[in-house]
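Each in structure tokens, the structures are laid out below.
The two complexes that follow have chain A in common; it is paired with chain B in the first and with chain C in the second.
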Partner chain A sequence: MELIQVLVAGIAQGCVYGLIALGFVLIYKATEQVNFAQGDIMMLGMFAAFTLIAIAGLPWWLGALAGIAITGVFGFCLDAFVLRRIIGQPQFAVIILTIAVGFVFRSAAGGVWGADPVSFDTPYGGLVVTLDENETGRTVIDAADLTIILGTLVLVGALYAFFRFTRIGVAMQASSQNQLAAYYMGIPVKYVISLIWGISAAVSCIAGILLAPKIATFDPDVGFLAITAFAAAVIGGFGSLPGAVLGGLIIGITEQLAQAYLPGEYARSIAPISGFVILLAVLLIRPDGLFAQIQRKKV
Partner chain B sequence: MRFVFKTGYDQDIRFFKHTGYWQSYGFLFLTAVTAPLYLGNFEISELTQAISFAIAGLGLMLLVGFTGQVSLGHAAFFGIGAYAQAWLLASFDISFLVAMPIAAVFTGIIGFLLAIPLLRMTGIYLAIGTLALSIVLEQILKSWKSVTGGFDGMAVEPASLLGYQFNPDSWDFYYVALAILILVLALCANLLRSPTGRAMVAVRDSEVSARSMGVNIARTKITAFGISTAITGLGGALFAHKLQYLAPDGFNLIISITFLLMIVVGGLGSLQGAILGALVVILLPQAITIMKDYLPPSIGHQPGLEPGIFGLLLVAFILFEPMGIYGRWRKIKLFFDIFPVYRKATFRRQKAYLKTERMR
Partner chain C sequence: MAESLPDTLPVSPADPVLSVRNIETYYGPIMAIRGVSLDVPKGGIVTVLGANGAGKTTILKTISGVMDPQKGSVRFEGAEIQGRDPDWVARRGIAHVPEGREVFPFLTVRENLLMGAFARSDRGAVAGDLEMVYGYFPILQERSEQQAGYLSGGQQQMLVIGRALMARPRLMLLDEPSLGLSPILVKEIFGIVRRLNEEQGVTMLLVEQNANMALQAADYGYVLELGRIVMDDECSRLLESDDIKEFYLGVKKDAVRGKKRWRRKKTWR
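This part shows the complex of A and B:
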């Protein structure tokens, strides 16, 4: 029973990593840009929801939806006004630019909302599902974990349908495969790319809002979570949407298992880095991740 | 306009191409040597710190700026160098000047061994791989209590030579640091005009054409990584004396990113850039502190102002001057060198929009 509890917590944690990783992969697939500011965008989304729910007093669902929409628009504008200007420059420039943008976001959030931890109420916060109860104690599953898993399933399904069946989704796939050809076919590539940034920001905001009740309180440094999510995206191969979620699950479950079953001393030092150890192991065997698309230049 | 006539075969690989270089770098050298005369102890101490960062930056510059391999994990090697120095001084009765090269070589060997599997990855995978590596190494520094002292940290024995004890915040240690910096600079400049250095630049510009010219790409990359980590470790060893007390938190991801930002601000692909970048990174916080007095308190006393301003500066650099401070300096110099006929297009970079174009 304890194993189930640990596994569910691990899957939930992994889903959060997976969702943030989805945000990375969406942008990478479409534009080959690597967005190191993803975690900070998630942080901004969480604070937007916090402002709407805890300060403005909106009901949870309305505040969450509005927060997601705001973050999406923010992501769109971020590409349209900042990132678009360096399209065509080496990947390295994008890495540096997004790291710098992340610094700015974190600093701005610290200025606006302060560095103290905050939280907002959720209708299911603190609820638990009891699996097993006996005299030694009871095995419970946090409702926050269940909503994360459920939310991830719904979101992944929605994204799949969006890319498979809608016109704009297919246009996005086209421009991710060959921007020039897509442009010749009449696809507004710039708009499409900005839209993908918007979707990616919205996805990471959803990840943040689902995560908020699990971690109870958050501060502007919550975005550092995205570094682990990054590892998840790379394990999956960086170009693969299902790979991102799978990578997240692998890392999330390993972290929780290491935390629960390693002896005390080792649990503290190994659990936080277990994801990176797995990442290194995967990269040593397959230098392009598990689900890589192999590309070669023809000379 | 200046005309440089070719009068010798090795003219192209001279450090100083014409008398103008002798004059300007000679002036710079004199300024650096006489700095303790007109600067206070605080400024000299900051400069010493900037020099140790500049050495680490030079190491990273060899890798990122000249070999084209991005590393997000150099703080770990900076840390290994620092801890190796502290451990050597604590365990053996040797001078700090002997311990420093040993620490550097030790770091270089670790970097070399790690590079063999690591450099099978390219581009973004390499960046993430090195990032993961640095997080794991940082955790090792935290957990390996018998050697590193764990969270409690580790004291560094003061640097002393023939009975004279150096004060890391004073002018005497500044000269030690300056001498090491000049040595490293000469080493890097010499490396870059050797076949190994030329091979590194070739790998950066195009792996396909480098391979067809007979460059062993894997070996070049691994050598570059080894040399780069060794130099970064040397910077770390120097920094250990500056810090006097090591804690594992001092070598985290933020420092890795700072190194990367440092060489970008300074100017990728130039040794001068690493030094300019280090000066900016170290002096900027002081400038911000001074600026705070003139800002309205609501902005000036806000937490996290420093990384924010740093971030804004970087965004501005990437958008408006991707070649960094040294790149701007070269543009200005060329403008006056060829005065009436300067063209903006001289420094324009080719853009690559397609995936296949990006694979070089």
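This part shows the complex of A and C:
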């Protein structure tokens, strides 16, 4: 296989990890909580899109947009009505709660949609871009890979602009950096945090929808992908949004390189865990992650 | 002349913007505020003096809604506000400038200031007020695009005062603005506090350990010890009071011995 193909596939895979990692980091920065249900929220988003597109028959783009919106509202409500109740409890309680919530989502999805793999059609699914063609073969790039990369670029740019230039976006940053001071400014901090959960859920859903044509089918366990994304967030410093995306890219590319170039049986066993090998290496060399913000955060 | 007056004057400002009545505030089982009452008249500067741990910060937090009083009431412009969320209280017109310069460290100075105006509905006036704040604190304009976390302590103190000003508050709560600043800077900050009061008409409740500066800046003062008000008077008279001189201003005089005193030791129970 051509190196360029491997790299593009790796970047695409890394973008998916990066987007899910973004979801983790957004919530962590705002609340110092780690949401272990992140992957399961992505899974629910994918099933929402599946229901709208494959069952209700909506056009792909409409089903995708509606699925993203529904998942966003769902994330908002999850914080406003469930997580909010245990505010002030020890960190540990929150972690257990999000793990439990993830379990509930997974079994609920199994109950509603069944455990069998499902899929929905994507307009560009199966299409390829041919880079080079000669007698020995063709060098092609998956359209799904390109869409993932393009989608990630657009989304990251939009998020950047949102957090940097809108009033509510800057208020979200402010609430993350110093919650008490944000209260003193009259910023409705609780609402802002729920909004961040909503954005985080919507971003996960986008990651899932972009991923769907790549993996062909998915089932309620698809959310376990988030474990690798979690490693990406840690590599990136778990507090840095660009770090999360870069962490994802590092893992995605490494996985694909290992898959393509390691000898047979090693490729199968090592590629899936290569992200964690990198995680270990990074933690040994730079315990704060590659992109940790140096300054101490208050409150 | 001061001796002929009773220890505590009944406060009777015509129309207090803020009136606190008999509040009791707890940290868990610990009672930090033990029945405090005070009034802040419109357009005035009122100070609460007290040593470390007297409960100054707790009073301000109870007013701004970060802590709820177990008993008592806080009235702002006639309406009871105790037990409300702090963001609600802020939107109502009270700006709390907390101790310890709580800036948003990764936002620029300008963004910090704009966050001060977050709750305002008259967005058109915000740009003008930004200029007004830069007028009082020119250094903030120079540093406007720098991250607030990289400012010096004094600059951060200016930033949090300027940020509170951006809300156009009708009452500003100032928690130890002099803490950790050089004497020159303390003078400068207090000068600006006075000017803000005179020129912008901001009513202030100022909490301080630096009795000298606070009494010079304020009109009326309360002395807080272990969660109780032990004395209150016009600042000009407090400055002349022997107890204040000895215990808060560090002036010792033999002449004050033997006179009737409201306490003998620093710790009052």
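Quick note on the criterion: the second predicted complex is superposed on the first by the 292 of 299 C-alpha atoms of A that agree within 3 Å, B and C clash if a C-alpha of one lies under 4 Å from a C-alpha of the other, contacts with A are read in each partner's own complex, and residues count from 1 in each chain.
Just so we're on the same page, a residue touches a chain if its C-beta (ideal position, glycine included) is under 8 Å from a C-beta of that chain, and two chains touch if they have at least 3 such contacts.
Source: prediction; values computed, not measured.
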In the overlaid three-chain picture, which partner chain does A:L150 touch, first (chain B) or second (chain C), both, or neither? neither
What is the contact status of A:I4 with respect to chain B (first) and chain C (second): first, second, both, or neither? neither
Looking at A:S107 after the superposition, I want to know if it touches chain B, chain C, both of them or none. Which is it: first, second, both, neither? first
Of the partners chain B and chain C, which touch A:V170 in the superposed model: first, second, both, neither? second
In the overlay, work out which of chain B or chain C sits against more residues of chain A. B
Contact-wise, after the overlay, does A:L180 reach chain B, chain C, both or neither (first, second, both, neither)? both
Could you tell me if A:P220 is touching chain B, chain C, both of them or neither one (first, second, both, neither)? first
In the overlay, answer first, second, both or neither for which of chain B and chain C A:P188 touches. second
Both chain B and chain C touch chain A at residues 178, 180, 295, 297-299
Chain A-touching residues of chain B, taken from the complex the two chains share: 64, 70, 117, 120-125, 127-129, 131-133, 135-136, 139, 142-143, 208, 253, 257, 260-261, 264, 268, 299, 302-315, 318-319, 322, 349, 351-356, 358-360
Contacts from chain A onto chain C in the complex sit at residues 167, 170-171, 173-174, 177-178, 180-190, 293, 295, 297-299
Contacting residues of chain A [partner chain B, same complex]: 28, 32, 34, 82, 85-93, 95-97, 99-104, 106-108, 110-111, 114-115, 178-180, 220, 227, 230-231, 234, 238, 269-270, 272-273, 276-277, 279-280, 283-284, 287-289, 295-299
Interface with chain A, chain C side, in the complex: residues 64, 66, 85-87, 90-91, 95-98, 102-107, 111-112, 114-116, 118-119, 149, 163-164, 167
